[in-house]
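Chain lettering (A, B, C and D) follows the sequence in which the chains are written, and residue indices restart at 1 in each chain.
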Amino acid sequence: MLFTSDNWAGVHPTIMDALNKANSGAMPAYGGDQLTKRVGDRFSELFEHECSVFFVTTGGAANSLALSQFVPPYGGIFCHEISHIQMDEVGTPEMYTGGAKLLTLAGDDGKLTVAALEQALGFYFPETTHHVKPKAVSLTQGTEAGTVYTVADVTALTNVAKQYDLKVHMDGARFSNAVAHLGCAPADITWRAGVDVLSFGATKNGALAAEAIVFFEPAQTKDFAWRHKRSGHVWSKNRFMAAQWDAFLADDLWLKLAGDANAMATRLANGLSQIDGCEVAYVTQINEIFATFPHGVAEALLGSGAQFYDWVYPGDKWQGRLKRFVTSYITTPQEVDMFLLKTKELCTE
Amino acid sequence: MLFTSDNWAGVHPTIMDALNKANSGAMPAYGGDQLTKRVGDRFSELFEHECSVFFVTTGGAANSLALSQFVPPYGGIFCHEISHIQMDEVGTPEMYTGGAKLLTLAGDDGKLTVAALEQALGFYFPETTHHVKPKAVSLTQGTEAGTVYTVADVTALTNVAKQYDLKVHMDGARFSNAVAHLGCAPADITWRAGVDVLSFGATKNGALAAEAIVFFEPAQTKDFAWRHKRSGHVWSKNRFMAAQWDAFLADDLWLKLAGDANAMATRLANGLSQIDGCEVAYVTQINEIFATFPHGVAEALLGSGAQFYDWVYPGDKWQGRLKRFVTSYITTPQEVDMFLLKTKELCTE
Amino acid sequence: MLFTSDNWAGVHPTIMDALNKANSGAMPAYGGDQLTKRVGDRFSELFEHECSVFFVTTGGAANSLALSQFVPPYGGIFCHEISHIQMDEVGTPEMYTGGAKLLTLAGDDGKLTVAALEQALGFYFPETTHHVKPKAVSLTQGTEAGTVYTVADVTALTNVAKQYDLKVHMDGARFSNAVAHLGCAPADITWRAGVDVLSFGATKNGALAAEAIVFFEPAQTKDFAWRHKRSGHVWSKNRFMAAQWDAFLADDLWLKLAGDANAMATRLANGLSQIDGCEVAYVTQINEIFATFPHGVAEALLGSGAQFYDWVYPGDKWQGRLKRFVTSYITTPQEVDMFLLKTKELCTE
Amino acid sequence: MLFTSDNWAGVHPTIMDALNKANSGAMPAYGGDQLTKRVGDRFSELFEHECSVFFVTTGGAANSLALSQFVPPYGGIFCHEISHIQMDEVGTPEMYTGGAKLLTLAGDDGKLTVAALEQALGFYFPETTHHVKPKAVSLTQGTEAGTVYTVADVTALTNVAKQYDLKVHMDGARFSNAVAHLGCAPADITWRAGVDVLSFGATKNGALAAEAIVFFEPAQTKDFAWRHKRSGHVWSKNRFMAAQWDAFLADDLWLKLAGDANAMATRLANGLSQIDGCEVAYVTQINEIFATFPHGVAEALLGSGAQFYDWVYPGDKWQGRLKRFVTSYITTPQEVDMFLLKTKELCTE
């Protein structure tokens, strides 16, 4: 009954095999190896477009470096008020951009809205040097609230962004889960929908430590290799980074693992919503669900061996009563069902 | 009928005289002159406490450098959501701190409240490396809404801050106006009330370009001289900075000029509040007043030669209908009365 | 016998008059005034080219902000090993560029040479992400050694720079003195010779606190206004900055004052070079001269009321024996002659 | 005949086994796992002292983060002119410190000398705000020239550093090789010799991607966890970082691998020094050797399948003729001997 985080899962066996296989003899360092080259091609195939791909170890680094390419120190980045870049990255975007400002917007279900974005733009334009210069919008796909932007949602937001000459970044720490939910082509929800750069995460979905920054217009990435190297995030033995991606993207493993995790979250959400006294907070579209429980039940569940976290943020309307459950490719129907059974018992006592 | 900004006024004749007098022969550069030494003593006398004083040209530099002494790049600064450091300094605090994060709080009348501060601290403590580490609270005295914190207000906030080991910064771009309103000793509203560092502004109140960063515990300013020099804000011919302060602080000129400006704002607020259809938005305590007018009246006033600005910020409840009026030591009762007369005419047409 | 620094002189009476005259009534803030507009035109006339001009208070800020426009955080700046940006600005360039690297080059007489620049470029090109990416060359005109680059010198260096797509910055803290020495048009030694941006200093040559960043291709300065504002260097009462420049540039005052200072330095150098035991270190082309004295003489001169500084830098071949003498528009032939007389006496004792 | 870089070797089988074993079921993320705890203890045992250990992916990140703990943005870091932090990290130290300045010193064999350090300190002290404030010395152990500081060398340098209140950082990307050469306890060459923080590298010596920042005074690392997280270098699945170190440090694997690599370099150096026309440039103490060859020989060796790099730096006295050879734990005596044979043939043709 482990629902703490998808980061608690280990490395998927297929990916671990790939790491073992990559460990054969000497190979050129810093990405000069054949595996790195092959993986670059995989990305271009997957996204049906020429891509510039750069690898880093964590999602925080991926988001922040990606943004630093488009946002100067005096720039502003529109993002959701509960986005990971705003709430959970301890100023990494500020470090890599040299002090750019995150401009937070409210929005239901963890999603930015065109209305909120336009209202904010109405304040920042016409531009004045008394305010930061808006340069980017950052979307999280799937969101911190476990929801997903549709292709239409993304397109509507990027259309506004383009009118104001803003670049669009997608924080895809759980991009796999979002695509698995949408059933669309990766291209449809990224560059075809107006996204300029994607932080594509594999770590939460079965990799060891593997995040990719994917630019869809290579011309926009002039000099980015220097930003990348300067962050200290370029692996000297890059074949082991490439091997993870090679296995992750092969045979749609990424989609399968994400789909499995999503299914477990849906199973959990459906179950909880049928238990009196439990309330599921957002629509469950990826591998995260959020719920409230009758008084004492959450504590009793934790006491009985279930593992999950409180979900609190400044000004949240549940005032700390919300609990977060994250599933992953290792979550089994059995442990979901056992959790639901236990919850039902506690709620009907 | 000039109510655009106190920055539009020139240099007060007494201060201009001081500049002319300071221009006599050669003097040591970089603050080695006698005038600089004398002015240092003036600050210590005024605040009844040993002070470390550093001069800069603008309020943005003063606020940001002051904060950088206490807030590391991974730190957080609590401030009001409409504070100058958040809204009007285009990321200067982020630059000088190396990317620290401003953590905005709501509060009526432009003032931070103990309740909002404590609620936010409840989120950030116990600390975790997933969030920035709170390091400071920044108060604006007088506020951007033209209001003033009482000694009790400041003390209550600094008491909370001290419990969490946060330093307290006071943005005193209009400190003169606040003290003139309060009628207290400068010490009472600063170090005696728990303030660690004050940005004391003279420019808006009659100086040419003169802002002071005043630390009340010299031991806390070890190495600050390097931060200061590195910003490019240390005047080589510092006697001309010192001369402004010398004249500004002598014979309570600073208080007299601020009191005059305050009186004109009060006159304007009182007058407007008696005109049907006009509403004054906050209590007028310093030299800024904010008001709404019946449809078309503001435009007509601008057409008739009055000068003032819209006052808009993201999410403001007046949705752009609020106008800001700033008085200064050059504002005359005649121009206030003429404006009121004109307004009354327009409102009764 | 004051030869410490040109920063010890006060404000030239003509410039002080201009400040007094600018203090007439209210004017728009932040450069919206007529004086600022007029001064902008003056620059374009002086340089026979459309210019984008931004004002700051110190030379350190001017150099560093100018460089930050062209040099990203991962960039490198070639400069002389004793340049002001390297030795005397306590990391201001590093702050404003977000951590770019100064790549120092040796060169006689404080001047960069084509040979040294080409050798260094041979190391950095072809480029690799293991090294910073060269982005600019910074020349000091006149140099820290009191020497001047000829038009041919500058052109030769900028030709190399252009081949490698490097921008060229000129640190002109003593640009006036260099132009007075060369007798050329300001355009000849700047944009016509391939310079992209000039830090033009007035403070050392009679202003109160006035430095200008002059870009010669306005298209290259897109967004620079945000960098400028964010530094905290934009005067709200900018008319007093503009007034200094207005008077400084009118009737060639800047050239006259610089020429006077230069003449005094030449008089001093000529005199010293005729005294047995004294050696003048570099050719004296602007208002700085450097000399060594027989044992005990420098100390005796200081004891007799002369004021000047040691001139030391890491690895200097005089091992601390060099003394620096700076003249300014207030230096008189009488004090130079008195100093020479005194020196002669001491050397022949 | 592969002598390009120790980064070309794969992961040592023992370490790969450890990674596979660590992949068993779910474990707490972000270092909450038991393996991370055990590895922390291993460091304290190895260094015979309580240590604070933080893991990152690359040596550049390790060096730069370590320095950022002790060096403020206005600080200076003394280092060798060919040190990795100066030459090969594309400004990573500048980024993480917020723009501190590397103050380079010359020294034979890639080693800092007391004389050069003291001379530089004589320039920077007494301190002035016109210069950066010296805050740290960074030593590389073993050096970029393949040499090693003795315990006496390190102690002499740290004694000078302590007199000036400078912290001492040791770049130990090849610390294993240095300790294997010295045969001393790790404590003897680090904290007992006055070192405050060590960047301890495992990647070049058989790990996948594993570098540790080891502080010897935990009290000095207050808040460092925030710097660490903010860099984006904290692995969520940290057990896989810990597993590498666990295997690396167990049964002195780190020393054995380093010793093997060192022996191969010595074999190569000894062989080359006996071939007429070949010259070995520095004393070979770790796993790097540098040599010059008769005209055409290096090219012929490359043509015959040997792999190695040119070794060039600005102003190097060999003017580009030096070749670098790096051995690793996978280098065999056979390939060394084959290379020597080939070289001999070519030199005697």
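In this text, contacts are C-beta pairs under 8 Å (C-beta built on N, C-alpha and C of every residue); 3 or more make two chains touch, one makes a residue touch a chain.
Predicted model, so just to flag it, every value in this text is computed and none were measured.
*Asks:* Tell me which chains count as touching both chain A and chain B.
*Replies:* C, D
*Asks:* Which chain's mean C-alpha position is the greatest distance from chain A's?
*Replies:* It is C whose centre lies farthest from that of chain A.
*Asks:* Round to the nearest whole Å and give the separation of the Cα centres of chain A and chain C.
*Replies:* 50
*Asks:* Would you mind pulling out the distance in Å between where the CA atoms of chain A average out and where those of chain D do?
*Replies:* 35
*Asks:* Among all residues of chain D, which ones touch two or more of the remaining chains?
*Replies:* Residues 73-74, 89-91, 95, 98, 129-130, 132-133, 226, 229-230, 234 of chain D each touch two or more of the other chains.
*Asks:* For a test of understanding, state which residues of chain C touch chain B in their complex under the given definition.
*Replies:* Listed in rising order, the residues of chain C that touch chain B are 2, 4-5, 7-11, 16, 19-20, 22-30, 56-58, 60-62, 64-65, 89-92, 95-96, 203-204, 208-209, 226, 229-237, 239-240, 330.
*Asks:* If you look only at chain B, which of its residues touch chain D in the complex?
*Replies:* That would be residues 72-74, 98, 129-130, 132-133, 223, 225-230, 234 of chain B.
*Asks:* Would you tell me which residues of chain A are touching chain B in their complex?
*Replies:* Going by the criterion above, the answer is residues 73-74, 87-91, 94-95, 97-101, 119-120, 123, 129-133, 312-315.
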